[in-house]
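As structure tokens, here come the structures.
Both complexes below contain subunit A, partnered by subunit B and then by subunit C.
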Partner chain A sequence: MALHKKRNGRIKKIETGIQGLDIISEGGIPEGRTTMVSGTAGSAKTIFAVQFLAEGILKNGESGVFITFEETPQDIRDNMIDFGWNIEEWEKENRWVFVNAAPQWKDKTTVVGQYDLAGLLTRIEYAVKKSNARRVSFDSLGAIFNQFSETAIIRHEILRLTSALKELKTTTLLTAERTEDFGGLTRYGVEEFVTDNVIILRNVLEEEKRRRTIEILKFRGTPHQKGEFPFTVISDQGIVVIPLSAIELKQTSSNIRVSSGNKKLDKMCGGGFYRDSIILISGATGCGKTLMTTEFIEGGVINEEKCLLFAFEESREQLFRNAMGWGHDFEKLEREGKLKVICEYPEVANLEDHLISIKEDIEEFKPNRVAVDSLSALERVSTLKSFREFVIGLTSFIKHQEIVGLFTATTTSLMGGSSITEAHISTITDSIILLRYVEMFGEMHRGVIVLKMRGSMHDKEIREFTIDGTGMHIGRPFTNVTGIVSGEVHHIMPDEKERMKTLFEEES
Partner chain B sequence: MAKIALTLYITGDTQNSAIAKHNMQQLCNNELKDRCELTVVNILENPQLAEANNVVATPMLIKERPAPVRAVIGDLSDGEKIIDLLHLKRNRR
Partner chain C sequence: MGKHNFTLYIAGQSEKSLKAVENINRFCIDNYQDSFNLKVIDIVKEPEKAETDGIIATPCLRKKSPPPTITFIGDVSDKFSLAKHLGIDWK
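Showing the complex of A and B:
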């Protein structure tokens, strides 16, 4: 969509209908050709092969033929119903035809003399013609080598098969099993037959977490995006690819300001947050991030804006009680449809699934502002790479909607320091606000600073703030203290400060 | 006694198919004379009939009766072997 450039190449593409895949493939897979999908066991090859046909039926009204070498048609019908694909119904309508090539006999078939695969070929041709199919899926071709021992014959026959499909002008998808996620393409060297177009699915175990990615290795004679993209498999939808590189570019920026919910903070930011910006609030535990989030929501509600809050650290009850403590009745706001609070444990899903459900929630509720408290909690359930991709995916999605997003990040140390979240998203966010504990003569004080405010003047001073029953109160800048941001606080004697001041004045 | 029911799936007049058909007819006229009923299915003409037994490789011979059902693929060039594989008895000479 965003990056989908139409080129006048001779090779046409057919949109797969698999969400995100048509973006990274720049329009789909080559039409009338064979594309190999290779992956290890459990890498979602069968789902891919089924979805290719299902989306063709659902979105383009194109019928398909599915040739299965491993699972029986009944297994496939049963396994796919959860994705919302009623294959049995399509079969009745002649939009889906199975060619069952799964081994029916326990042992390898007994062989006496010469044979070929003309039987299979005939059945496929018959099925394609009968249903007027435009799409064909083989799952998985490699399994045919388990049925027959004479590999030389099988290789020769597969070659015949692929050329026959070319004649039929169907777009063909062929899955093949590989033994490792990084290594030889397929177990039986199936790639020898279809070298033109190769897609790789990976399911890698990284830091005890599974990470699925899809990579288009090559499309002969037609462009596609390079590298691995994360994807996930969810019920009712099947495979959803997250096309990171494609979503970053189309971002508008507006000059409309919205209130942070705190007048003093608005002033520090030069008049409030920009409407389609992402704000990161970073600080140690207990220093006021959730309060700022609460005020941010209140600020939206006052201006008749709808707010959506994702809470990954606190329970609903806790959150509502806290808000009530500061005088904000979240329950009432929810009833009035001004606010929606979604509380979830980060552990309930992987990050790719979280991203998709967050997107769906945003699309459904259509809020004017979104808050995530906290982003760091999501770090726990993923690898660094996935987390980075998640943050990029989420921020660009929020910006696309032209709404303001506020994320919180928890720093690991009480005084100063930075969080992984911060390191990964600081360049993506438009504004960064730091909350810091400041130790002064045996007392803990709190400080706030607007570190970054893209495209705007902002207060450069570190101000002290207090929290009481009515909320957050920002006061005067700290004087005679340095090193607050780094966490190594030093107190400066007033005369020294004076001397420093004159020093700079002389130079400038 | 019920006759042995054999079905041979072939694909037209390809070399393998022609040889298999010839071999089976020989077998039924000699070793299994009067005891078997051979049906030859040309799946180029009747492709839907190939679905029933998941025919993938051809030629393919299925012994439908007596149980157990057995399958052999190839041009069936070794009659003795087929009789053994299908667990059939030869006619006494």
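Showing the complex of A and C:
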């Protein structure tokens, strides 16, 4: 464990232990200093403040002092148990000490002369020394203005407090309430004067969906990633930050090919998919995407590879029945541990949570192949921005694992056009395969084309394919029509007239 | 009327602390003669008491009996306000 990484300059950082935060903060928050965490009501400030101490206890063996100004210690103990933080136990071991600065008296206090907050300061110093604390959280300091109306005194006292903590060499976190997600940093405009380090939590309502983000606004004298990063709050873990742009794309691209599960398709791709690549299959509903996914899995199983399938559109039963219809026994494969199928409604969680659970499933099952059917279903539950981040996060994660990933995307129109998924993912994926309906003389045909295949020669022709009880059969190219990809089919058959003539003759 | 019981919390022997002790002492003698108890707690010496009693601002004066409990903060230089809240006619 690298606990105290020394970074450029003299300012050391301390790893918070909050997943993802240490990546975007490039090593944690400045050690021995005060960092402010500002956010509106419901932006997860208290969880942040608690988690900062909890991770210190769990990961670094550092004890902490929690100063609460609004909630009672008992409320905090009760509310945090779901995250797996047993504060009461830590209190018994003297690794966690509460300083309860919430108003405890029912009676009103009257000011009768000069006062200061030496009482609070004394208690904090005592708690820090008693537990030998390295971390201190204030939640939320601004609430002290509800108790005392002499703002000038309080401002001065807050300054005294932070300098006292500096002397104690603790790393301090200060939560501060702000009234708007984009506006003044804090409600009272005081807290920002005592710290050079500011983190902002946002919980913005966008297209009727909540989107949580975290932004490191400033860290004096030490680098950090800029901009907003999505995060989520999940039970058993607390805050998990998704460090999108911070993910380095350093995966090695391999030259090893694996089968798509369909020999003809392999041939079209110039010998199969690359082992650590992402393939996007785009097409209208019912044109064979799920079948391709099924064959992709079968191709893996034949190759002694483990496959993981995330299905967001169909139920387990439906999926298994379909696979059985094409002669693939998914149930048996699951029993043998070769396959794991995870069916979920996209609506059960937000995208950030989906991303995290998908990652966990991949890490746990360690598959060689991952299929997601379909990505488009996940669009429904998110904003465009979140979806984009999700796709980037997922693809870079899969690439890091050096496994082959196959995503499907549903186009909105039957005949052609592109899906939103496609628009956001096409530059990230290594291969794009389009499935299209082709209308020819009153009949629907299906066409497949390998549109893009990074680093490889591939078939440029649009081939017709059929689906029957044994699967997908790719046949000859459409040589006499144009405009299949765009959905505007034109027939250019030279003997078209001849054929038309015979058609009319048949009719009469 | 029973005895008047006061607890004064101070943080160390600061100027404010000493002033508060002196002021409340004088106030009690002037108004209650000998029918009062004044307990002074220095929370620097007894920090646990500050924690259990929830002391934030100091000096802090609490009148515990006769009921109701009334809390004051400050060095008790504003005797007028103190007297008013304790229901004493300030002469």
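One rule holds in what follows: the second predicted complex is superposed on the first by the 479 of 508 C-alpha atoms of A that agree within 3 Å, B and C clash if a C-alpha of one lies under 4 Å from a C-alpha of the other, contacts with A are read in each partner's own complex, and residues count from 1 in each chain.
Just so it is clear, a contact is a pair of C-beta atoms (placed from the backbone, for glycine too) under 8 Å apart; a residue touches a chain by one contact, two chains touch by 3 or more.
Just so it is clear, the model here is predicted, and its values are computed rather than measured.
*Asks:* In the superposition on subunit A, see if there is space for subunit B and subunit C together, and answer fit or clash.
*Replies:* clash
*Asks:* Name the contact category of A:111: first (subunit B only), second (subunit C only), both, or neither.
*Replies:* A:111: touches subunit B and subunit C.
*Asks:* Pick one for A:406: touches subunit B only (first), subunit C only (second), both, or neither.
*Replies:* Touch partners of A:406: none, neither subunit B nor subunit C.
*Asks:* Would you sort A:21 into first (subunit B), second (subunit C), both or neither based on which partner it touches?
*Replies:* A:21 sits against neither subunit B nor subunit C.
*Asks:* Applying the document's definition of touch, where does A:278 land relative to subunit B and subunit C: first, second, both, or neither?
*Replies:* Neither subunit B nor subunit C is touched by A:278.
*Asks:* Please identify the positions on subunit A that touch both subunit B and subunit C, taking each partner from its own complex.
*Replies:* Of subunit A, residues 99-101, 104-105, 109-120, 122-123, 126, 144, 147-148 contact subunit B in one complex and subunit C in the other.
*Asks:* List the residues on subunit A that touch subunit B in their complex, please.
*Replies:* Contact set of subunit A toward subunit B: 99-102, 104-105, 109-120, 122-123, 125-126, 144, 147-148.
*Asks:* Spell out the residues on subunit A that touch subunit C in their complex, using ranges where they run on.
*Replies:* Residue list for subunit A touching subunit C: 99-101, 104-105, 107-123, 126-127, 144, 147-148.
*Asks:* If you look only at subunit B, which of its residues touch subunit A in the complex?
*Replies:* 9, 11, 14-17, 19-20, 43-44, 47-48, 50-51, 53-60, 70-78, 81-82, 85
*Asks:* Please output the residues of subunit C touching subunit A within their complex, sorted ascending.
*Replies:* 9, 11-12, 14, 16, 19-20, 23, 43-44, 47-48, 50-51, 54-61, 68-79, 81-82, 85
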